[in-house]
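Same chain, two partners: chain A is paired with chain B first, then with chain C.
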Partner chain A sequence: MIKGGFQGKVLRVNLTSGEIRVEDLKEEWAEKFIGGRGYGTKIMYDEVDPTIDPLSEKNKVIIATGPLGGTFAPSSGRTMVITKGPLTGTIACSNAGGYFGPALKQAGFDLVIIEGKAKEPVYLWIYKGITELRPATDLWGKLVDETDKLLREKTHPQAETMEIGPAGEKQSLLANVMFNGHRAAGRTGVGAVLGSKNFKGIAVRGNQEVKVAEPEEFREAVTKTREILSKDAFSGGGAAMLGTAMLVNVLNSIGAFPTKNSQDAYFPEAEKISGETLRERNLLRNEACSSCPIGCGRVTEIKEGKYKGAQGGGPEYESVWSLGAMCGISDLDAVLMANYLCDKYGMDTISAGVTVACAMELYEKGYLPKEDAPFPLTFGSGEAVVEAIKLMGEQKEKLGKLLAQGSYRLAEYYKHPELSMSAKKQEFPAYDPRGVKGIGLQFATSNRGACHVRGYTIAAEVLSGAVDRLKYEGKAELVKTFQDLTAALDSTGICLFTTFGLGGGDIALLLSTATGFQVGEKEFMQIGERIWNLERLFNLRAGFSRKDDTLPPRILKEPIKSGPSKGEIEELDKMLADYYKVRGWDNDGVPGEGKLKELELVVD
Partner chain B sequence: MKILILDLLKCTGCCACEYACSFQHTGVFNPLNSRIEVNIFLEDLSFVPTLCLQCEKAYCAEVCPTSALTKNDQTGVVDFDKDRCIGCKQCIVACPWGSVKLNHKGKEIIKCDNCAGDPACVKVCSAKALTFEEVEDVVLAKQKRTAVLLKEIGKDLAKGVSS
Partner chain C sequence: MLVKVKAYAYLREVLGGEIKVELPEGAVLKDLLSSLYLPPAGVEALIDRASGEIKPTILILKNGRNVRFLEGLLTKLEDGDEVSIFPPLGGG
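Coming up: the complex of A and B.
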């Protein structure tokens, strides 16, 4: 029985009819899938036909918190957005930090289900038991930070907000759902789904309490986990000092830092865009999400040159890489500007940067004709990246419209889809699989397309060095473990970065003392496996199969040209069959009946 | 006497102090019941906590008609006795800092009590923006910081004189 953590209520908003309904949280589901990503995926699986067009009225968007949100459990400010992602066509769950999730719980709700399509733009206002759809015609077209400000002006000065920007409105496949004007649920194009529904965002202000099942035990668990995090090199100091961009020098130094659309994996000028340089040149102060002791967030300013005076949140490691090294750029000011612009339009920095990099290679190889490019798309030009992001965000000219669909569709249009550095059409993050074998298997098998945060094997393969990054043996088990742990963690409401210090057992303890569930490490990992398999089932029903669990030919065939990982390729086949076996799936990557029974997943 | 010290520049806006405070005093989580408040300025992403300063000349106590609020000379805390409070809210009007508040129901007065000498907010402030220190130590530390600065300036001045 649920004794705490959850608020027990789900808000269902039908935009077509305008009806808003409060439903009870299903306890049985909460015990099997927790909240957040797990519970949201279960709703999608039960209520949405996986074969639908993600941008049609039939798709749904679930905004979900977890049972640890709104407490002082470490880094418990996450909000999950679950839908069928338009970039990939797979199940999608993107999540963001900030303050929105805890505020939604204080308003009394664990989840919000958005369905149907509004005739005119609307936003949702949730306040002290009032839930109201209000016109957003005057907000349509506004940038993300402007929308955040206007939503607070229209509702309550201390309301927390969720919003889409122009990218979401125009249904760019790279569109984010943004929170508090600058925090991004930024992958798989979740923002476009809200855009297709004429839904601009939510403002929420609550006044209710969040209870936990066993207050004293919970306090002890929180003290213990905060203590562990304070002792880890990354979560206890490195992240606050240098932000996630501390990884620039780490990944470059092992030659797994993709450069110029992955034509190489070593960037000689990496130092210029490193976390160290960012701290020295641009950092104003640190920023942390709700209850987060890690505080990796950056508040930065461009202090000189033509973008002087521009300020914003970030950039993170991934953004510094995608808008920097991946485009051959070492001009940190241009990277910062491009990053701020992505946030304003509400666009995924990873996919945006990688898409520009793809356009640059298409241009330099002559596949993207000069008449289609309003300016030279040359690797290394900071100005080209900034201008390309503007075109993409505003969907101006032919190129802007193409860029807004992501690298795969862009490269396919110019007849060279092999130049898109993506898996299941979603762009790679900042790790070259040729130099870190396990992460390649993760990219290929991730349920939402190429992604680092579905299974961050980098922690073991690079950061702790517990596992040899260039070996194939044991990587299937490693990937499965990280994938299952993350799926369960994403359902609790705390941040993935806590896993730098915490293990499944620690998180299970937080979860148990908060909810009253009897969950140990083993059960916690099994919940993760259950969620992973349910996501896989959704994707199989959507038409995905073994052939989609792959990587671009460049990664599989072209050796890295220079740096410490020179000569390496990724031999995915050496791991994939093994992975299916470890998962208990057949040779086609389909979970067998035995596995589904074991996980208590009902098959149609 | 120990006091809560706030280093504004270090606050990251995580608000864990608010959660810890409300949990300490009520056993549940609700930032509206926190005695400490983190003000978040999203327009430039800056964060400013405000908290009760346990004033020596405590206006809240001076206006309180039932002596529910009294200055405790031993601990330095302005104590609040809930049973004596009649809810007239004059203390809220009198407090120059906005640090005497109403709870989430808008009914009961809530006010920082330094958690009887072991503040919960300090324990979760990983950025160390909040500390609980002897006031003499704080003064000494500040003097020392100023002195180090003056020493450096002094060196430069000395150079100016000798040339």
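Coming up: the complex of A and C.
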């Protein structure tokens, strides 16, 4: 029985009819799927036909927090956006930090379901349990940071905001959903779905307390987990010092830092775009999310040159890489500018950068003709990246429209889809599978297309060095463990970065004492496995199969040319069959009846 | 022989950013890390005093390979090798 953590209320907003309904949270679902990603996926699975066009009126978007959101559990500021993703066609869940999730809880809701399509642009205002759809015609066309500001002006100066930018409005498949101006639920094109519904965003404010089931025990669990995080050298200080960009030098030093559209995996100029350099040159201040002792976020400024004075959040490691090394760029100011622009348009920095990199290779190989390129798309040109991001964000000219559809569709248009560094049409993040074997299996099997945060094996394969990154043995189990842990974690409302210090047992303790559920580490991991399998079932119904669990030919066949991982390729076949077996799936990657029964997943 | 040592993040302040170290033929990682070549605070940051091993949270690479999967502190060094040293890591 739910005794705390959850507020017990779901807001259902039908944009077609304008009707807003408050429903009770289903206890049985909360016990089986927690909240956030798990509960949201269950709604999608039950209410949405997986074969629909993701940009049609039939798609739904679920904005969800978890039971730990809005409590004083560490790093509990996450908000999840769950939908059928238009970039991939898979089930999609993107999540962001900040303060929005806790504010939604304080306004009395665990999640919001957005369905239908508004005739004219609208935004939603949620205030102390009162909800209202308001016209957003004057907000339509506004950049993300302007929208964030205007939403607060129109509602309450301390409101928390969620918004899409022009990219989402124009239904770019790289469009994200932004929170508070620069926190991004970045991946899978979730912003385009809101754009297709004429939905600009949400402003929320509330003052309800989030009660927990066992206050004394919860307080002890919070104290314990905060202590662990403060003693850990990464979460207790390292993360705040350099942010995630600390990884630039690490991944480059092992030669798994994809460079020039993965034509290589070693970037000789990495130091120029590293976390160390960023801190010296551009850091203004650190910025922490709600209730977060880690504080990895940062605000930066360009101090010189033609972009002088520009400021913004980030960049994260992934963005420094995608807009930097992946495009052969060592000009950190151009990388920062491109990153700020992505945030303003509301575009995923990873996919945007990798798409530009793909365009650059197409251009240099002569497949993208000069007449289609308004300027030379040459690797290493910082100006070209900044200008390409503008074209993409505004969907100007033929190239801008093509770029806005992501690398796969761009490369397919120019008849070389093999040059898209993607899985299930979603662009790779900043790790070359040829140099870190397990992460390749993760990219190939991830339920939302290529992704690092569905199963961050990098923690074991590179950072702690617990397992050998170049070996195949044991990687199937490793990937499954990380995938299951993350699926459960993404359903609680706390941040993945807590797992650098905390184990599943610690998080299960927070969850149990907050909700009153009897969940130990084993049960917590099983919930994660249940969610993973439900996502897989959604994708199978959407038409995905074993043939989609793969990687681009470059990764499977072309050896890395230089650097410490020179000569390596990714032999995915050595892991994939094992992975299906470890998951209890058949040779086609379909969950067996036994597994579904074990997970209490009823299939009709 | 000459070996290049690169330290990252806060270890730069302790160890210096990039240094070249002259070592006798046959030297191993332990020789490199000995106090002859690094200030005492550097050794303290890297080596667990009780066990004498590399601290589990410290990542040391020889030419991109984690020395844990080579021969740890007894990993042999050769002329031109590059040793990278990272403090506890996370992120993504």
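Here is the rule we use: the second predicted complex is superposed on the first by the 604 of 604 C-alpha atoms of A that agree within 3 Å, B and C clash if a C-alpha of one lies under 4 Å from a C-alpha of the other, contacts with A are read in each partner's own complex, and residues count from 1 in each chain.
In this section, a contact is a pair of C-beta atoms (placed from the backbone, for glycine too) under 8 Å apart; a residue touches a chain by one contact, two chains touch by 3 or more.
It should be emphasised that the depicted structure is a prediction, and the values quoted were computed from it without experimental measurement.
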Regarding the shared-chain residue A:Y99, is it in contact with chain B (first), chain C (second), both, or neither? first
Go through the superposed model and pick first if A:E318 touches only chain B, second if only chain C, both, or neither. second
Which holds for A:C292: it touches chain B only (first), chain C only (second), both, or neither? first
Along chain B, where are the residues that touch chain A in the complex? 9, 12-16, 19-20, 22-23, 26-33, 40, 42-47, 104-105, 123-124, 126-127
Help me check something: in the complex, which residues belonging to chain A touch chain C? 232-235, 238-239, 241-247, 249-250, 253-255, 275-276, 296, 317-318, 429, 452-453, 456, 458-459, 462-465, 468-469, 497, 500, 563-565
Could you list, by residue number, the parts of chain A that touch chain B in their complex? 70-72, 77, 99, 106, 148-149, 152, 180-182, 207-212, 215, 219, 223, 226, 230, 240, 285-295, 297, 299, 311-313
Within the complex, which stretch of chain C touches chain A? 6, 8-10, 12, 56-57, 59, 61, 63-66, 68-69, 84, 86-92
